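Working notes, beginning with the structure itself.
Read from first to last, the chains carry the letters A, B, C and D; within each, the first residue is number 1.
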């Protein structure tokens, strides 16, 4: 009878051992309990014994080799008898049976096989009201795995009414109390959203931050249910932009030490020239005053580099060109500020073409990612809304924002005489970490200068 | 072979020692084959102590043992199959698979466990004896511990309490000379354990723990003294474990020659030799005995293998009682 | 009937000793001395030294003996004079009392009651002022009770003795002299439910044991500020009656946990974690904890006062939770 | 081109600029810039679109005549000044 001698396990933390010495050679007679090999593990060097009587046949693993627990180390030919120690001094005939010392227990496990599932599996199944009997297991021995249960739930889909999230159980809470994550609660308060009108998708039906997207603020306290924006189906996106912009502006006001300058510029001359030029052009070729404002801003920004760039990790990084951000209000609310790249190299006419294209795409949601990514300075023009001046909030990480109001006719001294002239207020919001008032004043002065002499087509 | 020999006292002692020896040898094999896991502390060489002392107890007496307690559990009468199933971590184990090798328990035989905190069982034994004392029972609590436990405060607290309150405790110090790898001379200022016990006013007797007959005699006398009302008794049983402390012990701390020397005093060998010498045992008897023991162990292993696992749903059972209070 | 916490506890002991022959009291100086805190004063005269058993200074020994006696069919009450000494018996409490039922596969239960004094507030300095009940409540297999009221001092012992498993009773040292009115027929009380000692709607103050009355005082002070605080007396730290706590927090949306234990790894941390696990979506503010400072309890009165939670600390914690702090 | 047709053209172009407006609701005498929130770019696009549809140049100096739907319609219904 051949018997295998395998790498013994000497502890649950032993995975393998190295044979450091064979105490036997092929042909040696061994008795049960004899040490046949010395095994080295990380923990100790142990003498390993054999569990049968017999003759060593072959040593499979050589000295110095490592073998995993259970690996074959040697083969033996067992004598087939397990007479042990030296108690039996002479072989004898078959012994007379003795009465067993005590009744031996039945070796058969007659209990019905108990189907067991892991706690996780049971938990998942309970949550989904899933009957596990109908689920096939793919785990060891047909056991149900998490994946099995999840697949079963997914397969069932929504055919089973229980599959839908159960409504939150009323438990002690007062009526009308809305479960909401602390973050969602805080954000809703900041945005004036009444949580009662928001459908929660979180655990226990709680409102989580994502649920606020697409919900417009209530106009008054305890107002009617907030509904999606009436203006546009894209209200979700609009709301998301609102939230993002709000966060950005809050960060700006929190982090950036703004300073503000303003100057009033008489624009009678350039505006007359612009009008004259437009008279000669078909509608599609006309230039709006906005293009002139952008052009002048781009020129000034190129000349005062501390206004044009980004504040990153505590230092000012000047822009490699003027990527002019244009604040564009969207119909139905919201604001985007895409950029006109390399604006300082464009003529007024070119800027007009690009502006018209940009505004059109901004309002149809067709902006390119690159246009949204990296303005170095931004212009906000509220002239069309009739306000005279705007002191804006800088878009981080930019360091300056230029604002233009509407053109108004005002008494104006010309050559020592009072006259009525069209004037425009230009403002600058600038980051005091990157520049100071002197730089800002110089910038506005240059801007005003450029407004006077646009190179019109 | 006569009936007298088959059921005689000495033959029973031999059978019990053989059961323990063969059971544990099988455990080594099963451990090496990863059937048994966890710690495995073997009693091989010390069988005469458990067999001799427990032969002196009656069924109403109580036993508290240590983490090296397979021998005590077998000698006390817990079925080998239930013990093996426990070693396998199966539901039919004597502790339902919750205890393992170090925590064998059995209510039927009043076996209050293998306790794996050295000396941790002594106060419990004192309390069991206190309960018997308060209820006027004449039962004895036998408490086994190694000589290593004598260094623990709980030994001194317990033997003092038992002596102070005259409690029926049989303290059985199994002095196998090593607390894991620490030789007694390296851990005790006084290496005579009996003298320590005597300092508490307890009758203390040194016993040759390799001679099962001597153990039986000493234990019988001690139990009788306790039942007589002489108070707790202390036996220092000089013995030796032939195997390492546990499976993963390279046995660096003692001489191989020392081990071999003690093996000449193998309690099974000594008893076999004596029985052969007086003619009450021959090869036929021995073979029959071996076969009987082997069959029992085979059945125990088969039973353990066939036994199921406790359902994981029941994980948190036995943290608090389920049944009504006693 | 007018009584004190100490007398209520003694009445409970006496009742238990009269009711069941298996019951006996064992501990240091419980007999001739009358108990370190005079709880068992007079009992040895009535019940004799076998049942009011003075033990030597061997905490591990006599706590273990209590375990053995419980295993042997008795109903021992073991008194550990103060919680600090229980550290000498932790092996028996943790490795035997809490595990034997489990290790034996349900065969052997340990119907043992261990009483001990806990807490600071009496200028007993760093070795006699621990609040380690939260530690012990970490251990599965034990029940941990913290009677704070006269009713609970009177009624918890009987229920603990009827329990088949080990029960630890922590008696706060500052409570023994507390006087009050107790019903003549006061008796056994449940030991697994928290109690709302004061109803409120703005914030849930969760506490137990020695800090219950400080917390109730704080609630009164808060009422003067318009903050309506609910006060929950946990009564037991294991098992923790979280449904009562959660129900309260779901109404008030704010929780303050007052615990004389040290903050790190404390029962207050456990309760806070469970509130977060079970009532996160109902919270309006982070859970606030009022615990002892992370320092051994000092002897000097002003420092001891500063180290352990006081009424003002609870008030401040509650204000913080409601956003006014 | 009569005024009704002219208004229809204006409304159609407006629909491309401000899709959300409902032409039937629009008060013909309301100022387009205010009522429909048109800025100068929108207005340029409106004029450009209408100009292309009707095949007629609309000089900048005529913009003051185009403030309402009614006025825009009337302007388109009348012959060019030149």
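The working rule: a contact is a pair of C-beta atoms (placed from the backbone, for glycine too) under 8 Å apart; a residue touches a chain by one contact, two chains touch by 3 or more.
Just so you know, these numbers come straight off a predicted model, no measurement behind them.
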Pair exhibiting more inter-chain C-beta contacts, A-C or A-B: A-B
Chain A-chain D separation of Cα centroids, rounded to whole Å: 47
Centroid spacing, where centroids are CA-atom means, of chain A and chain B in whole angstrom: 62
Chain centre separation in whole Å, for chain D relative to chain B (CA means): 107
Touching pairs among all chains present in the structure: A-B, A-C, A-D, B-C
Of all residues in chain D, those that touch chain A in their complex: 18, 20, 33, 37, 39-41, 44-45, 47-48, 51-52, 57-61
Interface residues, chain B side, partner chain A - complex: 1, 6, 15, 19, 22, 25, 28-29, 31-34, 37-38, 77, 79, 81-82, 92, 247-250, 266, 268-269, 272, 283-292, 294-296, 299-300, 302-303, 306-308, 311-313, 315
Complex interface listing, chain A residues touching chain D: 231-232, 275, 278-279, 282-284, 286, 288-290, 329, 331-332, 355-356, 359-360, 383-385
Residues of chain C defined as touching chain B within the complex: 24, 50, 55-56, 58, 60-74, 76, 91-92, 95-96, 100-109, 111, 140-141, 143, 162-165
Residues of chain B touching chain C in the complex: 62, 64, 93-99, 103, 105-107, 112-113, 115, 117, 120, 122-132, 134-135, 141, 153-154, 157-158, 160-161, 164, 317-326
